[in-house]
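Chain naming follows the written order as A, B, C, D, E and F, and within any one chain the residues start at number 1.
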Amino acid sequence: MRPSQRRPDQLRQLRFTRGFTRHAEGSVLVEFGDTRVLCTASIEARVPPFLKGRGKGWITAEYGMLPRATGERMHREAARGKQGGRTLEIQRLIGRALRAAVDLSALGERTITLDCDVLQADGGTRTASITGAWVALRDAIDQLRAKGELAADPIQAQIAAVSVGIFEGTPVLDLDYAEDSSAETDMNLVMDGEGRFIEVQGTAEGQPFSRAELDALLEIGAAGIREIQTAQLAALGLPS
Amino acid sequence: MRPSQRRPDQLRQLRFTRGFTRHAEGSVLVEFGDTRVLCTASIEARVPPFLKGRGKGWITAEYGMLPRATGERMHREAARGKQGGRTLEIQRLIGRALRAAVDLSALGERTITLDCDVLQADGGTRTASITGAWVALRDAIDQLRAKGELAADPIQAQIAAVSVGIFEGTPVLDLDYAEDSSAETDMNLVMDGEGRFIEVQGTAEGQPFSRAELDALLEIGAAGIREIQTAQLAALGLPS
Amino acid sequence: MRPSQRRPDQLRQLRFTRGFTRHAEGSVLVEFGDTRVLCTASIEARVPPFLKGRGKGWITAEYGMLPRATGERMHREAARGKQGGRTLEIQRLIGRALRAAVDLSALGERTITLDCDVLQADGGTRTASITGAWVALRDAIDQLRAKGELAADPIQAQIAAVSVGIFEGTPVLDLDYAEDSSAETDMNLVMDGEGRFIEVQGTAEGQPFSRAELDALLEIGAAGIREIQTAQLAALGLPS
Amino acid sequence: MRPSQRRPDQLRQLRFTRGFTRHAEGSVLVEFGDTRVLCTASIEARVPPFLKGRGKGWITAEYGMLPRATGERMHREAARGKQGGRTLEIQRLIGRALRAAVDLSALGERTITLDCDVLQADGGTRTASITGAWVALRDAIDQLRAKGELAADPIQAQIAAVSVGIFEGTPVLDLDYAEDSSAETDMNLVMDGEGRFIEVQGTAEGQPFSRAELDALLEIGAAGIREIQTAQLAALGLPS
Amino acid sequence: MRPSQRRPDQLRQLRFTRGFTRHAEGSVLVEFGDTRVLCTASIEARVPPFLKGRGKGWITAEYGMLPRATGERMHREAARGKQGGRTLEIQRLIGRALRAAVDLSALGERTITLDCDVLQADGGTRTASITGAWVALRDAIDQLRAKGELAADPIQAQIAAVSVGIFEGTPVLDLDYAEDSSAETDMNLVMDGEGRFIEVQGTAEGQPFSRAELDALLEIGAAGIREIQTAQLAALGLPS
Amino acid sequence: MRPSQRRPDQLRQLRFTRGFTRHAEGSVLVEFGDTRVLCTASIEARVPPFLKGRGKGWITAEYGMLPRATGERMHREAARGKQGGRTLEIQRLIGRALRAAVDLSALGERTITLDCDVLQADGGTRTASITGAWVALRDAIDQLRAKGELAADPIQAQIAAVSVGIFEGTPVLDLDYAEDSSAETDMNLVMDGEGRFIEVQGTAEGQPFSRAELDALLEIGAAGIREIQTAQLAALGLPS
């Protein structure tokens, strides 16, 4: 039995609040149960130096946690003077995942920065970030399109992510903190709307995992992502 | 006429949402109109080195803005590797202001950290932070008291803050961003429940200000703070 | 009775040594009793990026203390790898105060940096810095004018600063370290030659202060600043 | 056809030079073709603060590249003042992988640091590092055992790693730089001696990948790791 | 002919002002012509970790230049967030030189920090720093001895330093900035009162130098140091 | 008797392995006994800002030690976030020494960076670095010349370096770690092919040294450098 009483293949309550703040071109509060992440998409008319003059755009991401998003207060990274390895790893993952959603040539010489700030953490913040950032990105690009600034829609894929893991011997979907902290295996999946993989990251925390276990995790993860994608589209008022 | 159509001595809509996040001992979302700051109070059973073994506690504060809390995206301080001078100045001010609220001996060997994170900025983030942090502090200390961990209430004063300024020649209360960015004079007041001053910080942005102007600002500021203090108590369900 | 035997409204011995070092365009050692600050004004034919091509100049300030300017040796900020919050706060104040002295358009595309380095500290280093920096700035601009590089005098105001505070219940002027470290209230005033305020920064260190106390502090501060301004002009050989 | 003329399931020439430097308790130069990484294992009789007094040891890793290990000179991270996100991500992966090899309780209160420094890079430096580090770790622990300092062998698993990817539509094993820089999908596998997974990290670089492609990559990867494990044991003079 | 009209073996005007600031145990302003360095010696009753509990003391040095000590304003190292290579090299040299003056066992568990801050630079700041720091150290230790805190005098040698160089083909003593910036060879000598070497640092700036040139430089340097040592003793009121 | 059984004027076994890695324009592993340093020369078609547009090139150096190059593991400078004073001092020395080898005008607007990374340390790493870097530089420039990119050979001098010191009262050549750590005096010499000095750096570690001792050290050092230069030329296949 899962601590939250969920079935092994059951997601937490999903919620997307679009327009959560008013300045950003896209601003979405995404909630996977008690995990709450504010995802904003900011459009700027510049590209990084390595893309200058090539007619292409760029998608990048930054990730942070408020110091008391967690059970015990963590150090503020700005005060310590550097982002930790975990933060850098997560924001690199978010950036890669969202770049897979976009035809950078169709975006033109613009940078879209996806800021994912965790207001409250209960496991799965990186996959919630990717899932919410895609909705914020969709909103930001729709705003550009509404202004007539883009000839074609640069979004070429729907991206969502979820965590799966082996908890007390059973493959489970969408781990919360209580499960995550004692799972034997932890895997993050990022997939597109066609059910193909963008990223697969599985780590044996306690015990190595077999090929059969890996297959089981991929199954329940793929099914969970289909549900999440349906929720993303519903939040945007788009047909699934 | 003020851009917001407010009267010169009129505050923006004030709102306090207690328990905005669930991990912190105190967690308050404070809103002064479109300025929204999440203030959390975290209690830890340790004190900084300079207070070790002296039987006293400590109150400190940290301040941050999410990169897209503002009209244009700002750099993330954690990514730049340092907190800017403005951030340090504000968090030092919040810390001083809240220490004035507390009898550190009655607190015992504990540190309470007030994290003030701006989710959306529209002027007056530092005064909103102080105002919200006091409510979060009250909640955190009440939680300690409810557990029977404190013999006496360490809170000795009610603290609130507001900005005042001279906008197009007129002293006005509680400036929003549109006013703040073109005000001739900008002043932040922090006061206690007896109408006494904890901090007065006035800066001539465009024009030096006379003693008469200073007096006028102090008047409308004091009246504004009384209103804010009434709202703080109401939010806490305390009599004013 | 004050530890220094001064009357409540009595300044310390003031001294300005112009040309204290020879490379800077303005170089003034300012002494308020035992507080000694070397203020240099350096002119460079460039402006910060945000002012490029706008035909205006810039005034900025940096502040430092030699490690053994104080009773106990402090860490060298260069060795620690960052300037502390107090240093940043002070240099931002000095910069704002001196910008109020200058018509930046009349300065042309030049930056003047005011370096205020405390050789010996005995309280009031920030107000001494502002007071000395104005004299150094006057000298630097006079040097530019003597070379015929400026059509009009960009200095539009005389700036001086002083600290006031409540020491053992009495409002006193120009606190030295012995007073400053036990004052209940500490206030820094920056004023122009017309007796108007550039900056008012009052902090309750021990006890909140009443409006009546604030008024008393403003009175003795304004009188003190008039005396300091007379001394500035005398040091420059200008009529008061 | 692969640029190196290898068959799709063919490894590069593998070489392990034990005792490459003389100070470290384990020192192995591992070569996967032209990729050359010096892996040293250093034993210290201390543990990080979070393990103090718990009778357990710790395994950690650090990774670096010499500035001219690559075709174009890269910045030296020590000179830039920080390790990049890629470096941190890789050294976190190496540390996790090697901790899976060791029973930390059997190690006692010791820290073993695995330094993996790339002398020459031609793709696959992170998997070469893990593979070489395991041999260095084996040597270091054997040295401890030879001195009679360990009651039991703390090594509980044989760890090796390899990269696989889809190059011009074909799943291939052990990508060199020419393949890696144009692969559509890139996957790193870390496995134990029982053929179970420690880490699976697959990234769609150009194109999302299907479940069938993932399965094909896992097949050739598992076979490649078996070959690498045979070579590790041969280098150590152990039976496979 | 030297730019300053000095003879090749002629020092600049030397001046030592003891007690230049009042807080430090030793405080000496040393002037070699227009080069002016404030050297303070600070005594603290602690030693660095590597000397804990060994009954010995430590001597260390820090060096800095005020930003406008030079003809063009330099960056403030505290603001840049690190000390440059030149600064670190100089303060390591000063520390080594002064440690040669002291019997660390006779000092007891104390650290003396020599801060050398250049108020005005005109060449030879590192040798002036060493020369002035020795006088400040002598004063600081005499203060300890006067208080009866030392059984024996820990100063075992008199240390002074000077620069020599080849300027327009001629070996010259005590180079000023005009000479230093165009010298072919630049050498810094640190010697004790017996005419023995503590440090010899010679660098070919433009041209390699021959053994004969080296010998000539050592000759005039040794003579110059004898003169400087006489001046040090005179400043201290000691017989030479 | 020296710990290594060498005669006082005997070098350690010298070895140069050219082409040790394949990407750099010059890549030399230099060995002085157990001290092994990888020296690479990297050519880039750019110059630092202060040389822009002046038709001249630049030579610079960076130095590092692998964390376990030494008997006890040292901190990795990249992980600590800064290069230590010793590292900066050494790389400044290497850069100065190699610039003396080159006519920067004949090099054209190119930068050559000499990276000297210590794989294994046994004393004398800085002099080995200079000696090996010259061979790598020679190779890199010969590669440019072979491509016809240089009209004339920019190398104008052969540079080599060695350490000498006084060990147990006797002047000895090329100190290894056992000698270096207990030598009374330590001197590094950099000389050109004409027997002239580029750099002389002598430090009294324990005892000041006399002029006679200095002369003896210079004698054996000069003889040692002649031998090293013969070995450099032999490694390059050039006549001595």
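We adopt the following convention: contacts are C-beta pairs under 8 Å (C-beta built on N, C-alpha and C of every residue); 3 or more make two chains touch, one makes a residue touch a chain.
Only a predicted model underlies this, so the values are computations on that prediction, with no experimental measurement involved.
Trainee: Taking a step as a move to a touching chain, how many steps at least join chain D to chain F?
Mentor: 1
Trainee: Roughly how far apart in rotation are chain D and chain E when fitted on CA atoms, stated in degrees to the nearest 5?
Mentor: My answer is 120 degrees for the C-alpha fit.
Trainee: Taking each chain's centre as the mean position of its Cα atoms, how many Å separate chain B from chain F?
Mentor: 59
Trainee: How many angstrom between the C-alpha centroids of chain B and chain A?
Mentor: Averaging C-alpha atoms per chain gives centres 33 Å apart.
Trainee: Taking each chain's centre as the mean position of its Cα atoms, how many Å separate chain C from chain F?
Mentor: For chain C versus chain F, the centre distance works out to 51 Å.
Trainee: Going through chain B residue by residue, note those that touch at least 2 other chains and give them in order.
Mentor: 81-82
Trainee: Using the contact definition from the top, classify how the chains connect: line, ring, star, complete or other.
Mentor: ring
Trainee: Listed in ring order from chain D, and going the way that reaches chain F first, which chains are there?
Mentor: D, F, E, C, B, A
Trainee: Using the touch rule from the top, collect the residues of chain F that touch chain D in their complex.
Mentor: Going by the criterion above, the answer is residues 21-24, 27, 34, 36, 38, 40, 42, 44, 62, 64, 66-71, 73, 76-79, 81-83, 87, 113, 115, 117, 119-121.
Trainee: Show me the residue ranges of chain A that touch chain D in the complex, using the header's touch definition.
Mentor: 82, 85-86, 88-89, 91-92, 96, 100, 157, 187, 191-192, 194-204, 208-211, 214, 218, 222
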